[in-house]
Amino acid sequence: MSDTILSIKDLKVNYGGIEAVKGISFDVPKGHIVTLIGANGAGKSSTLRAIAGLVKPKSGVIEFEGDNIAGKDTTAIVSRGITLVPEGRRIFPDLTVYENLRVGAYMRKDDITPDINWVYELFPRLKERSWQAGGTLSGGEQQMLAVGRALMSRPKLMMMDEPSLGLAPLIVRDIFSIIKEINKRGVTILLIEQNANMALSTADTGYVLETGRITMTGPGKELLVNEAVKAAYLGT
Amino acid sequence: MKKKNKAELWIAFAAIALIYVAVAILEQTMDNNHIIFTVLKKGAIYSLVAVSMNLLNGFTGLFSLGQAGFMLIGAYTYSIFTMPTAVKLTESVYKYYEAAVKFDTGIFVGLICAGLAAALFAALIGLPVLRLKSDYLAIASLGFAEIIRAIFQWDVLGPVTNGANVMRNYLDLTDVKIPFTDIPFPPTLYVFLAAGVCIALIVLLINSSYGRAFKAIRDDEVAAEAMGINLFKHKEMSFVISSFFAGVSGALLAMYQYTVQAAQFKAAMTYELLLIVVIGGIGSISGSCIASFLYIAASEWWLRGLDMGKFLGIDAPNLFRSGFRRFVFSIIIMMIVLFFSRGLMGDREISFAGLIRRFNRRQTAGATKGGGIDG
Amino acid sequence: MLDFLHANLSYILSGISVGGQYALIAIGYTMVYGILRLINFAHGDVFMCAGLMMVYLSTTLPMSVSIPLVLVLTVLLGFLIERAAYKPLRTAPRMSVMISAIGVSYLLQNAALYFTGGLAKVYPTIPWLSRTVTIWGSTTKMVTLVTPILTIVLVVLLSLLIKYTKVGMAMRAVSKDFETSRLMGIRINTVISVTFVIGSFLAAVGSMLYFTNYASVTPISGGMPGLKCFVAAVFGGIGSIPGAVIGAFIIGIAENIIKGGSSIFGFGGSGWTTFSDAFTFALLIIILVVKPTGLFGEKATDKA
Amino acid sequence: MAENVLRLENVTMQFGGVVAVNNLSLEVNKGEIVALIGPNGAGKTTAFNCVTGIYDPTNGMISFDGKTIVANHPRGKMKKLYAGENAKRYTGVRTVDPTPDQVTKLGIARTFQNIRLWKSMTVFDNVLTAKHMRARQNVFSATLRLTYQEEKRMREETAALLEEQNLLQYASDLAVSLPYGLQRRLEIARALATEPKLLLLDEPAAGMNPQETQELGEFIVQIKNKYQLTVFMIEHHMDLVMQFSDRIYVIDFGRLISHGTPAVVQADPKVINAYLGVSE
Amino acid sequence: PAATTTDTAAADQSASGNPVVKVGVYEPASGDNGAGGKQETLGIEYANDVSPTVEINGTTYDVQLVKVDNESSNDKAASAASTLVSAGVSVVLGSYGSGVSIAASPTFEAAGIPCIGITCTNPQVTEGNTHYFRICFLDPFQGTVLANYAFSTLGVKTAYCLSKLGDDYSGGLVNYFVKAFEALGGTCVQDTFPDGNSDFTSYINNAKNSGAEVFFSPVSTEAAQLIIDQAESQSLGMPILAGDTWDSNVILQAAKGKNVDVTVTTFYPEGANAEFDSSFKEWVNADATRLANNGGDDTVAAVTAMGYDAYFFALEAMKKAGSIEPAAIMEALWSTTYTGVSGPIALDQVNGDAIRNTAYVKHCNNETGAWDALPPVTIG
């Protein structure tokens, strides 16, 4: 078994009085694709945001490569090699595609040209548009840019929050093949998806979240055929 | 649920009535020249403007900074209308001009006209300005207020506005009489009544279907429009109504001050009002009122000693010299802004049930959390 | 035409000079607005404080020390204001931050009022800048000629900084989205501080040029220039640096021509000066009605 | 032949150089559920915005219930810029350029791609406020409570509507505190409160998992029947589209590339190429 | 409905055991007229130091000054005035600046407290009032003096008049100047500048372009400093004329070493009463705060001398009234006379204004930075 890169223990997240995440624990093995699925408002995004330090967890341990990073500053967390592709893409609309990628490598001091070329290789579309302002790209292109930008920081762990949201079926398939491609290059991936079919067939491990708690877990392919999962998330 | 609301409403009515009785008694028993009456009068007037500003900024989400301009229009309209014709013609006020307005009205008509004049002007400038978004609207309305001020100071309009000079000798608070008699009406009570009626109207408006439409515009314009709310019509309505009451409060301010002059209605006055609205809590009527009284009392009364050598019994003329009061006051304001960033009341209103609940809680158990304020 | 220009050169000269000074202050407004969406009402008062610092420092120190010291202290003041009054309100409603700015403005004014005793302080003469020169028959101070040149040099430098450096790129990123910027590892508080530092630095330079022209500093000296410069920034489209500069020059020149209106155009009497400030605003409103986000403002697109 | 409720005729919407909707014509018949699909940036939302008055189309005509509600032809700057098809066709027609609220008043209600509820209001007030448009009152009578009966009626109807949508138990909660799925449902309830004949839904299932999507589809059918609505929706969830819509229009780069019943569209190679992709 | 405040005033006792009479000092300490207000207040304070008690009807009272800052602002006037009323003062002195006096007048009137204007020269301060008195000359007089001076002594035919928009003092004085100057056969060009203006270059150019031969600008000292400075840099090239506000060492400092020609009219010229001057200078130099309030040096401003006189005039009225009741003092004031350092003071019986017919004219000496006295002007 490969070693664990990220390990969550009894994580709780609150917004004011609302308990969004009610004590969840899970591990992400190095080099794997792990997915969290669950209904709306189950606390999936909150979990990722807590890992990235965008919200301070109420309690719990977030161990990344053996160190507890819970409650640390976002900048400190991302500098360890974690990155988040946020819900809704959030690319910088005024910056060009090229500048968006450069901002992705903001913390790096070394030469970033090879990485930019790698991203352009993954998404030839972005190379064509490198001088276009990010805000004028189509939804699918923006999603590619958001993934590319995240790759620029050379992450060890890449977290993605619903990368297929609002995308056309064709693009959704593209995105998932790119996720696999990135993973092949050694990046560990923690993925949130509503598109449970796709997510589970891509992932090594899946976790099912319900109202802030993990209710099921197992290899992606197994969950895909699990009757309970089918009934609740996959429809008929 | 309904029943509880009713009960609360009655308690609120009773409390407000109590305030009025208290003011009336105070005015009958205390020396009328005490500074407390200055504070009460000015506080009530500022409450009205603050509430009218809150209607616009807090409830409709239109960030307008034109309040001082509308108050100016109200104050001047009132003073021009109610200055006795004889006074206008005897050169005592229109010293450098020949008065052009040769009629006069009573106080009530003057107040209404003050409001209407401000509302009319608001309706006109609303046409171009209300199309603008947030900060652009703010600066444009501020600009209009400055333009209004310049117009009222223009010497060509001297026969009407007395140029840039003071207006005085119009009907002020001492001229208010109990209806059908010649007995003077208690001035502080009068200001409270006038401001109270206006604020009550605004509260009724806010709690009506139109008030909800205003809030919808504030929360999300695009959604409001898609649900059939005519943006321009409702914004204009809110703007005009808010300006009407700003005009009335300008007139009340003129009554209270005995003299008015365009120079006083500067941008700084609007900022001061904005400060009051935010300190009270954007979207809270009771917050605006409380903040007005506190603001006026602190700046014009309680802290005076800081300027006059002696404060809280401490005699330190070198420290407590002129300007210290304002220095301390601005520090207090900064503290409030930093530590109560949503204002004293947030967007909630004072509720008596909440107060009682809090009181009970304190009596029974050691529960400390929660405030006396409630939806 | 040439004669007309010649006769009125002095109005235009002082217009250009004032415009340059306004531009330096307006940039501070526009940059802070661009990044925090905050109308920094205190900026005009920072400018006033820079003036007062010069008054007090120059009584004991030589100019060669006071000038850099004023620049450093003003920058420090801008930095402290941001840290103390705006940073704690990062997640508060936008209106609260603006009120905090108004509060700081009050505080600076009242502190100045208290410490100066409310009296106007005579601004020291900065030797070379105050020299009187005559061009084409109009007399004016050296500062009038220096201002536009200095302004343009500073603005070009600033634009290069924002366009081509890493910190410039970070500023543009932060101005759109705090959270995502943080995810990229940008220290947003540092970037915001840099913005305030640059704005205050320009305000300090502006104050030296401005007060050299106008001799005395009072606690409310920052008020009117502050408001005008803000108008200039809005005029040019708030958030845009070239917009602020152009807006400032337009307003500076228009204002002086209007003040000289009765003499230049030969009619209207004192009506022109009564409306000189009003004209500035009228111009602004006309621009906004035609172009609701100013001359170079970004379009606010709110897609359904 | 069913009577058509909504009809777009040669509608073009151009932003500067971008032609977001290009010469689009389509019809929605009474009682139907019609879907509009197409790749991201194809111009679907833009088409909705032209219908609802948010945008003023560059060219073309839109009619609702047999009445022309939008009509325009290239003017001013657009006249030089726009040289597409039918550029001259509508020059003789009087331009009609309604604001969104006027369109809503005619009986077209919509929901948004990104939920746009009124954040500071309760669930109850969200729906009640949508009834404002049809209330018979003016600002004076409302303020002075002269029309309190009207207010009472609005409140009763709101309560009834919420009851029906199973939302009444949340009536006094803030709208934003509801779970996502319920927010979508509330947005639809709010749209229903404007008493529409035609309901436009922009990606109602975005962010829902397949199970929730399925429930949503059933819900749409249910309200359609109950209020005798016509539904026109944009959606990327193919399960929903294929299962519940009567007809589908497919656009790409603003142009209609295919239309027909789900079966027809699904098999159309143009659609597979541009949008659906080849399923593995 | 309720009684007046004096019972509280009478009840107060000072440390010395004497009963206290409170005298309100209603002056600006900040704002446009802060500098002038402070100098006027200094005169009152000095007088209070010289004579801290007053004997009324055989009882010795300690005189306590109650100072309030009206911030040179009309809208702060009412509450500043109420502060004094609330403190139970028997009589009020001030204010420098006519506008604030006019604005506060009704508040004092309602409380029945008499006021003594010291250097507020606008006629409207006292006109039609029975409670507002004044110990200085008025603008119609001052305007006429200045117009005569410009027309006859300087021999100019065109005057450029600059006033501040919304300022009763400068507006009023310009008005009377224009009336008198035009009656003499001259022509005037009028201009105004808005509040907060600090760029006077355009106004100076306007004056030059208008063909005027004298620059009349009776504005506040704040603006005066700027005008002097910019007059030099723009080479104004004509004499500047102003009223009593410019009689201030602030002006002297601003004009020192500059190529400007400044002439002012005033109430009192330094040197007219050597004894007063020297003892006042000693008093001022004894305390750093006083020195700062006097503008940094020990020049005797006319307003200081007037403040000094006003204090004694008020004491005189109390003695005459035989009471510290405001009503009695008000009654007594009409017939009070007193000879102060600025000359004899008696009030007319119409408005309660001082009967004065002499104005002093001073010219600024740019080398020494002091005032050179010119022959005083007497009219009527």
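Note that the chains are named A, B, C, D and E in the order they appear, and that numbering of residues resets to 1 at the start of each chain.
One rule holds for everything that comes next: contacts are C-beta pairs under 8 Å (C-beta built on N, C-alpha and C of every residue); 3 or more make two chains touch, one makes a residue touch a chain.
Source: prediction; values computed, not measured.
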Quiz item: B-D or B-C: which has the larger count of contacting C-beta pairs?
Solution: B-C
Self-check item: Chain whose average C-alpha position is farthest from chain C's own
Solution: D
Exercise. Starting from the mean Cα coordinates of chain A and chain D, work out the distance between those two points in Å.
Key: 32
Quiz item: Taking each chain's centre as the mean of its CA atoms, how far is chain A from chain E in angstrom?
Solution: 76
Self-check item: Between chain E and chain D, distance of the C-alpha-averaged centres to the nearest whole Å
Solution: 73
Quiz item: CA centre of chain A versus CA centre of chain C: separation in Å?
Solution: 44
Quiz item: Which chain B residues reach two or more other chains?
Solution: 150, 153, 155, 222, 226, 321-323
Exercise. For chain C, jot down the residues that touch at least 2 other chains.
Key: 113, 117-118, 223, 270, 274, 277, 304
Exercise. Identify all positions of chain D at which a residue touches two or more other chains, and write them in rising order.
Key: 52, 54, 112-113, 116
Exercise. Within their complex, state which residues of chain E touch chain C.
Key: 29-31, 34-35, 38, 165, 190-199, 201-203, 205-206, 209-210, 221-222, 225-226, 229-230, 233-235, 250, 253-254, 292-293, 295
Quiz item: What residues on chain C touch chain E, complex-wise?
Solution: 7, 10-11, 14, 18, 113, 117-120, 122, 132, 139-141, 213-216, 218-221, 223-225, 255-256, 259-260, 262-263, 269-270, 273-274, 276-277
Quiz item: What residues on chain E touch chain B, complex-wise?
Solution: 1-5, 29-30, 66-69, 73-75, 77-79, 82-83, 85-86, 99, 102-103, 105-107, 110-111, 123-124, 127-128, 165-168, 171-172, 175, 192, 194-195, 289
Quiz item: Can you name the residues of chain B that touch chain E in the complex?
Solution: 27-39, 42, 92-93, 95-96, 150, 153, 155, 163-166, 168-169, 172, 174, 186, 256-259, 261-264, 266, 269, 300-301, 304, 307-309, 318, 321-323
Exercise. Give every residue of chain C touching chain A within the complex, in rising order.
Key: 166, 169-170, 172-173, 175-177, 179-187
